[in-house]
């Protein structure tokens, strides 16, 4: 269904931008995982609005409450419900958007589908929905790290035509968090910040590419056919707002190589492990991890809601124009970084459990 | 699970390259749809090996049997099982690959995951698995066409650096099928054929991009959050063998535009319908169709199995080399075209039923 | 998964007896259904503790908050989250049960499964978990009634050896609600109340049977094989705490008849509809509704938690005795009535949507 | 969906009584399980028609073919497809039933739901559909036995008013298979056989109760809320044709006891294990196994299709009579025994994998 995700490590998000709040129910989490609201808050703070001059100034502390599923600091194995209340809602900003459809936004399609929508703050199509994903992702990350030392690091790879140089093998969370645009290439980061700041003043917006690397990946995660790991990863990140493209490993560039150029030849490392000399596969072969780094990229379009005047039509079916009020991100990329990490963590944690169920039952 | 796909129009594929056969069980199909083995065969023939000099010479007629679910030419509403027997298996070609892992293929990861694999013909990782998808897709296409006149047309957009010029609004199935590479740009098609024929002689392989357009799409298909239509389409096509990337609408190129350049402004057409002047959204906004054409692109890497000698390791953990025997496609793109159409049809048919269930119940 | 239920009309419950609260997320609800917290509260009040002298004296108002999914009094089609806070928790009552396992309760099995449990108030195994089911059931009932005039009425059929006489065709909600034991046979009801009151004083407990009738059932709901309607109903009610048996129509008694005695012969009623003279089928044939009343019965065992001293073992593995403190129902039946109605409503609403999706698509 | 069952060990059945055949696809099976068609055939032979004078004389050898998923005698971890062809179909027997609805059968409801049905042999509602379940159950049994020594034994407990005396602790498969009615109480069995033989000559039919015991059950299987083990078992067996009731442990009789009489007191056995003195819980507490024997009973109604003339209506809406031709079981119970075992095995195997995934991940 629309708001459920995962097979064994399964989440269900709820909530609109304005209203009682947003949150998530996580079902299938292993018991006895130590987790606190504070740990989850760290990830939510990376996602929250108002964290810098290049994000929306909406002022939400996004403080989370663990309503259920955790007892004396440990998971119970039963559903973990996490709730974040909406605070700084300014519905009046949306009065005009209640009747005029924002171009390239979800307003018109929600009305076409449901015959009703909560127009305040974009309702369910708001990026606030991702709070539940990021909170759940924090727990998934912890499990992945505890079980296998898995590291998931996403960062802004490009904004418009500015492309960063990043070494996927050595990039650190500290580098990513060292600047407000979350690009570990410091020099490029400053240019990106300036560019976003400029576009903000022009009441326009920018897009870009987020890259994500996963290190210390166990071999054998993923499934052969429909639930290939790259397929589930593609769905996961393409379900984030504003995404237009997905690549794993060599991606679209890989289509210009021949097989003999593209194939990742095998060799034995010093420990006798089967490794690949190159990693155009992006860590996945035949839908299943081979132990090399998973590398993926996601294209985010420029924010649809802009202050510039645009042609549009009204709910009542009249042509009109709209210069959107409200507080919007001139570029979603910096806040998309923790969202991407969360979605990747959710997929990997689910497949970790699935693999364990099917392939480790007999050995144990 | 790995081999199930869809929520309401749901398929389950089975079978390995060599062995009893391959097929599919389709559950949830509406009753009273007229369907015949002949209609399904038309699509299977577009997918089958040996259809031209640029595909694998393996000679399989891929004749399908409808085992259940159809009675007196109409669907019963109960599961439709379709079976295709394997005929022209030459397992001896694979003796070497039983012990040596093909670079960038699924051999090593299957062994890592399961501790066993059917090495004959690639087993479950063979493209023969897609027979079930294409057969099910034929039925999905028929339902989509019958209910809403939906047209799904995929074609080869590029091979290596050769890129075709195709008008998504006017391209026809006849144009696609008019040449063996399934590229509707006749001039470019010939260059592609020549290039593939050259690489085949070099025992190497090529990749490229398949583009797919869907016309006459009903408004309102898709869901707001995890099951956004673009997310489900991404998963669907990224679950095909050899895929490395996915784009919807403006894709990665769209990240270089500003919001005011990228947004699709609304207008009213002569019938008073809300339409968009441009279609960078690719027919989907907020996860839900807006009635414009759906346009997507998929990157296929060059075929991993090649006759050229490559470095690899053996199952027993020794470094060695492999020049693969067997009959393999020098380029999967021409046969990937019906596979892409099938996966897109399966997603849309499933969402058509889902939308009907939730949003048309009360109106009726 | 454990805490998800339904295919299209899908719920996910969360929460423990003591802690932040309990609730439900409902996904897949049709849009534009008018619903208010007050309407849901009516059902929750039938379930809440402290409503009479024969239920637990725990004093919870169980006031619900609709956190999301409803806008200006109507459903949005997106997830409806409903939250009820825990108020009157007396954890100290459970100090002894933290270390001593209650016989026939979930304490020991939770510890065996998870290695941890929230022992306060029974945690997740508490009947408070059913708050989310009852709240969701209120919405399901409304949809069923709006679409097809469906009526769902459950009542206490027996307590211990006291069995009520009830006419399934004419019994009304008013009759059920006219006494605190929810038995529409007034004479028998008083005997039941006296019996429960007696057993309460003895610090013991009682069980019984709830019967449920569904009237105005549309024909065609249910599926032929695994998701036969009676199978889904059985699962639904057997997932309620303290259930030990399920019957549809003739039930176990029907096994003593011959086929010619048991079969429901068909006839045409005055409107020319195909009807059955008898209803030993309980409204379902081959897994699918035939339009006659659905009639089912559920056995509830006597409450496990009792004040009488019993032999047991401690968490540390020592034999001991336990006379349970805390506030417990001497008989769960009166409060089980709205739970049964809710589970039946959830199953029927889900199948209504499923049937509509598959079998009404083409007609429309 | 209708024809899918299970979460991790997942099956999908297909096929009608007359037509190409019937079968099953099993997805999620652990790899490296040794399995042969011969082993599966043993179970199918217990289910097949024509095995004795008290079953239908339809002569089907029901020979199974493993089409995929097994390689060199071991499971691959990928889908296992099993096919049984229909041989001895006598469609002409059903000509009358093509237009006249059998009372208490699925004919009328299938027509009401789908507007079409395969009337030959009952189509999808035929007990031949259970071939796929029994085949899959054979594999599930093997896994359960291999991992934990689990034993599943079902038997006929009663036919009409004849009730057998069986000791659940000691009953053996050999005792069950020692007579054609599958009742381990030899004396009662003979009376049952005579009674069925009599009713067969009267062109009438009989029902009864199947009891099933599971021994050596691991602790901790099952889930706390909707997927309580008894709920999933109830659904599983109530999805078998002709079922009308389900009991676990004390069942309906348990409702006449008080809590102090009903509760299973704990004690420590000689090995220091927490055990219960009695087993009214039927091996499950709070939805989760406690390691005691699982004991359940299922009510099967008398076969609906009988040779005696009955009142009915035709598809065209006219009142008429029907004395059914065709070859039918005068009592389904003897052949229901392996079906019940299969469904119980499927549920337990699925929960074994689910439990392993969630609760054994961290320990390992």
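Chains: A, B, C and D, in written order; residue numbering restarts at 1 for each.
What we mean here is this: contacts are C-beta pairs under 8 Å (C-beta built on N, C-alpha and C of every residue); 3 or more make two chains touch, one makes a residue touch a chain.
Bear in mind the structure is a predicted one, so any value in this text is a computation, not a measurement.
Student: Treat touching chains as neighbours: how many steps, at the fewest, connect chain A to chain C?
Tutor: The distance in steps between these two chains is 1.
Student: Looking at CA centres, what chain is most distant from chain B?
Tutor: The chain lying farthest from chain B is C.
Student: If you tally the C-beta contacts, which comes out ahead, C-D or A-D?
Tutor: So, comparing the two chain pairs, more contacts are at C-D.
Student: Take the average of all CA coordinates in chain A, do the same for chain D, and state the distance between these two points in whole angstrom.
Tutor: Each chain's C-alpha centroid was found; their separation is 45 Å.
Student: Taking each chain's centre as the mean of its CA atoms, how far is chain B from chain D in angstrom?
Tutor: Computed from C-alpha means, the inter-chain centre distance equals 38 Å.
Student: For chain C and chain D, what's the span in angstrom between their mean Cα positions?
Tutor: 26
Student: Quick check: what residues of chain A touch more than one other chain, meaning two or more?
Tutor: Residues 1-4, 7-8, 13, 28, 31-32, 77-78, 113-115, 124, 224-225, 359.
Student: Can you list the residues on chain D that touch chain C in the complex?
Tutor: 1-5, 7, 13, 101, 103-110, 112-115, 124-125, 129, 158, 160-161, 199, 204-209, 219-220, 222-228, 230-232, 234-236, 238-239, 241, 243-252, 254-268, 272, 274, 276-277, 280-282, 284-291, 299-304, 306, 308, 310-313, 317-319, 355, 359
Student: Going by the contact rule at the top, pick out the chain B residues touching chain C in the complex.
Tutor: Checking each residue of chain B against chain C gives 7-8, 28-33, 77-78, 143, 146-147, 224-225, 352-354, 356-362, 364.
Student: What part of chain B is in contact with chain D in the complex they form?
Tutor: Spelled out, the residues of chain B in touch with chain D are 1-4, 8, 10, 12-16, 19-23, 25, 27-28, 31-32, 65-69, 71, 74-81, 83, 113-118, 123-124.
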